[in-house]
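Some structures to go through are shown next.
One chain, subunit A, appears in both complexes that follow, with subunit B as partner in the first and subunit C in the second.
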Partner chain A sequence: MAFNYKPYIREDKFPNIWCPGCGIGILMKAIIRAVHKMGWKREDVALVSGIGCTSRMPGYVNFNTLHTTHGRALAFATGIKHARPDKHVIVVSGDGDALAIGGNHFIHACRRNIDITLIVLNNMIYGMTGGQVSPTTPAGYRASTMPYGNVEPNFDTVNLAIGAGATYVARSTVNNPALMERQIKEGLQNKGFSVIEVVSNCHIQFGRRNKMGDQLVLRHWIKEREVPLRKAKDMSPEELEGKFVIGTFVKKTRPEYTEEYAKMVERVKGASK
Partner chain B sequence: MAKRLEVMSGNEAVARAAIAAGCRFYAGYPITPSSEIAEKMAELLPKVDGKFIQMEDEIASMAAATGASLAGLKSMTATSGPGFSLKQENLGFASMVEAPVVIVDVMRGGPSTGLPTFPAQGDVMQAIWGTHGDHAVVVLTPGTLEEVYLETVRAFNIAEKLRTPVVLLLDEIIGHMTGDVMIPDDSELEIIDRPKPTVPPEEYLPYDDSYGDVPPMGSYFEYPFHTTGLHHDKTGFPTTNPVKCGALIERMLRKVFGNREWLEKNVEHYTEDAEILVFAFGSTGLAAEVAVKWAREQGIKAGLLRPLTLWPFPEKRVYDLAEKAKAVVVAEMNLGMMIREVERAVRGVTPVYGVLKANGQPIEPPEILAKIKEVA
Partner chain C sequence: MAKPKKKFRIEVNEEWCKGCVICVDVCPTNVLDMKDMLSKWEGMVVYVKDIDKCIGCDLCELSCPDFAIEVYEVPQEEEAQSG
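Entry: the complex of A and B
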């Protein structure tokens, strides 16, 4: 039976602003399916974003939705979650939003292990502003501000999240919507900070500059570079250069921020009785 | 009247008053000379089931405070110059989404890292105009410790009633001065909460201007809605329709400037017959009180206008008093910021003179007295 997205979608806001074939729509549908499987009420979910193509998603889904400033979604979301720890907070970000301008908030949200699920749509480029280089643009590939090919090294979202202390860390790509959904659901189930990277196609701003202006060509280029985690374990760093390792990297428990804060409040109030 | 006398600093008075006003969320990042506010909030909030968080920087602090406000809590953040600069983008966001937040700026010498432990009043223009785009904030400038307490409560009341960020502008002297404060009993305080929606959640529109310039504010989760820093219509969704965009900005300005009379609050000394009108705010205003008294003792008819609401600016009152005076003296710890506003309000009817200083040292009463005598 086909999944019914209708109750979750703000139909009157369509057509959306995304280019035909953009991977962001696939992610949006995976998020909706994952929330649905959690059995959560729509009014108990907040979807927060920063600025960028990816960050336009909250306008189209029927939750409490907040479209904030570039890079700062996690900080707004932290305020919401701290104020209402009984509710569910999800953040969607682009690669620039999450890792460049929002890099500081990213690592500190991981460190606090606050119960928020962050989904980073990594299209390897600044989509919305016209194809400037991002912290994940692959070496040698062109961007409008790297017209001769990118000379900067990348951030690896997964390693960054692991190093900073996130308790659920996974990666999928636009080619694996079912896996994407499963990982998002596991992130939502995790009582702590979860980071899920979704490698996606921006065939318009990244693709066109790199002879992959067709969405299928770019998705195929991504597919060719996918390596399942279990296979990656037997590969050398050189062999893994430029690959997208797919799977769940971390799944662990560690004290969660709002729970620890609540315990502290109980302690303080107990002592003052 | 159940008041009690307690000894505390200006910064502590801010924290105590915030709790009394119903503040239940604080996000901040430490910076001299404001850190005692964060420290006191960290101590007090857990005792009232409130939430404190030290964020990774001031950008995040302003964001978290705004997020908590949208989730229904009265919220505050405090900082000083360098941090105040960092808050500006999200202060504009709070203004745009009409989230009540109180932002305390305890001014120190600037620009840049400046003079961290010395007073200044060089952030006044940033407090008023700091974020980009047409917007209106409210700026309060208490002077005495009692005023710090009461104006903090008023800052929350204004923020909630008008759904807008309010800047509580102190300086290092006020933040750190310690003395007796008459604390009113909580039952004596007027506490205003944001206007609440009366419609069922399905019918709620976050920016429904049919209710007037301040639309009712539902909290996330109780009244699910969408909002954005983009220009939006009454539904909260983006629009580029020039009529709607224009109406939005005009309404947001009207919320503040249309409430001038309710917002205006000045302390005046000897203004009935003042020939020399002194204009000063905050700690400089306290020095000016002494100078004006000395001038009177020496037979000079000096008077003082000390605004507690610096923005919207008390234009009419300044003009009315200046018109009757021979000269206006503006004292401020910067090299000429509010003096421009005074000149604008005075419209040339009376000459305006400045006592201006930006070297980290307070303006002392003798300096103001000397100028009064010079122009008398």
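Entry: the complex of A and C
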């Protein structure tokens, strides 16, 4: 009740740049609440972003923040974590940023299991650059580069992350801010690479081209397609086509990269004496 | 004796509100509504229509992307003092 966001935001930068009704603000609040519940100091948290609408977030939050090049947020974040393993690194990224342009960084960060929490805000389009088709645009839906409907099959962020070896994988939508917060907190607690996908609304670029130009219409469109994980287990793949299964998919432990690296350094030092 | 009903107070930051109507949409008891403000992007901002209906579910605060709405619980003793 009445969470005090003031210590965590840069008030002079507000109101934020995002379009009215955009889900990124909801995600930003969830991240702030999750960090607050972890009890971490602001100086110990680093928020890194690439390019896109989501990447404007580090400008508004009062952590250590870094705004990097397109798709390379995870590469920069890996550097931060490597140099300062005691800091907590969070990466916010859009679907195009994380899965298309930064796709390679994404799978290899999952493979290494480095202790970073990646939050992929999936709005199903490239919002900032003019509504181009992204790897998660649903089939049949229009984008500025697919004016007659998308013909490409799309990525499932969750399955991609599981396949590549992430140790915490979850998905929520903008309609469930409390669930989002809980998943981000679990991701922060996880010692390893955590991927949290948040399905959001881009009514300006995605919605407007698909007769859903109102934020509420698109939010309801997402809500209709939400399926809880325990319900989805009894459903066939055909029934799950075009649905967003929400919940926690993977929670496991695997050796963490910076710890393994430190062990290797110790071993080599010992051997050289 | 029935437990006294909890009371709540909702604060709206009109400077930051963009009039996206999400809070009005998510409110289960229709506490909030929009009023015209032509200087804003969408031409309207949220206002508290009927605070007595508020159940303190916090959904409007959680769902506001612009940090513009806050729900506070009014402590019972404070209410007694104010009459």
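The definition used in the following text is that the second predicted complex is superposed on the first by the 272 of 273 C-alpha atoms of A that agree within 3 Å, B and C clash if a C-alpha of one lies under 4 Å from a C-alpha of the other, contacts with A are read in each partner's own complex, and residues count from 1 in each chain.
One rule holds for everything that comes next: a residue touches a chain if its C-beta (ideal position, glycine included) is under 8 Å from a C-beta of that chain, and two chains touch if they have at least 3 such contacts.
Remember, it's a predicted structure, so these values are computed and weren't measured experimentally.
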Is A:Phe63 touching the first partner subunit B, the second partner subunit C, both, or neither of them? first
By residue count, which of the two partners contacts subunit A more extensively, subunit B or subunit C? B
Taking the superposition as given, does A:Asn122 touch the first partner, subunit B, the second, subunit C, both, or neither? neither
In the overlay, answer first, second, both or neither for which of subunit B and subunit C A:His82 touches. first
Partner chain in contact with A:Cys22 - subunit B first, subunit C second, else both or neither: second
Look at A:Pro177 in the shared chain and tell me whether it touches subunit B only, subunit C only, both, or neither; answer first, second, both or neither. second
Just subunit B (first), just subunit C (second), both, or neither: which does A:Ser194 touch? neither
Which superposed partner A:Val268 touches (first subunit B, second subunit C, both, neither): first
Of all residues in subunit A, those that touch subunit C in their complex: 1-3, 5, 9, 14-16, 18, 20-26, 28-29, 174, 177-178, 215-216, 219
In their shared complex, at which residues does subunit A touch subunit B? 10, 13, 42-44, 46, 48, 58-59, 62-69, 72, 75-80, 82-84, 87, 104-105, 108, 261, 264-265, 268-269, 272
Sites on subunit C touched by subunit A in the complex: 15-16, 18-22, 25, 41-42, 56, 58, 61-68, 70-73
Subunit A-facing residues of subunit B, complex: 25, 27, 46-47, 49, 51, 53, 55-57, 59-61, 63-73, 75, 89-90, 93, 201, 220-222, 224-230, 237-238
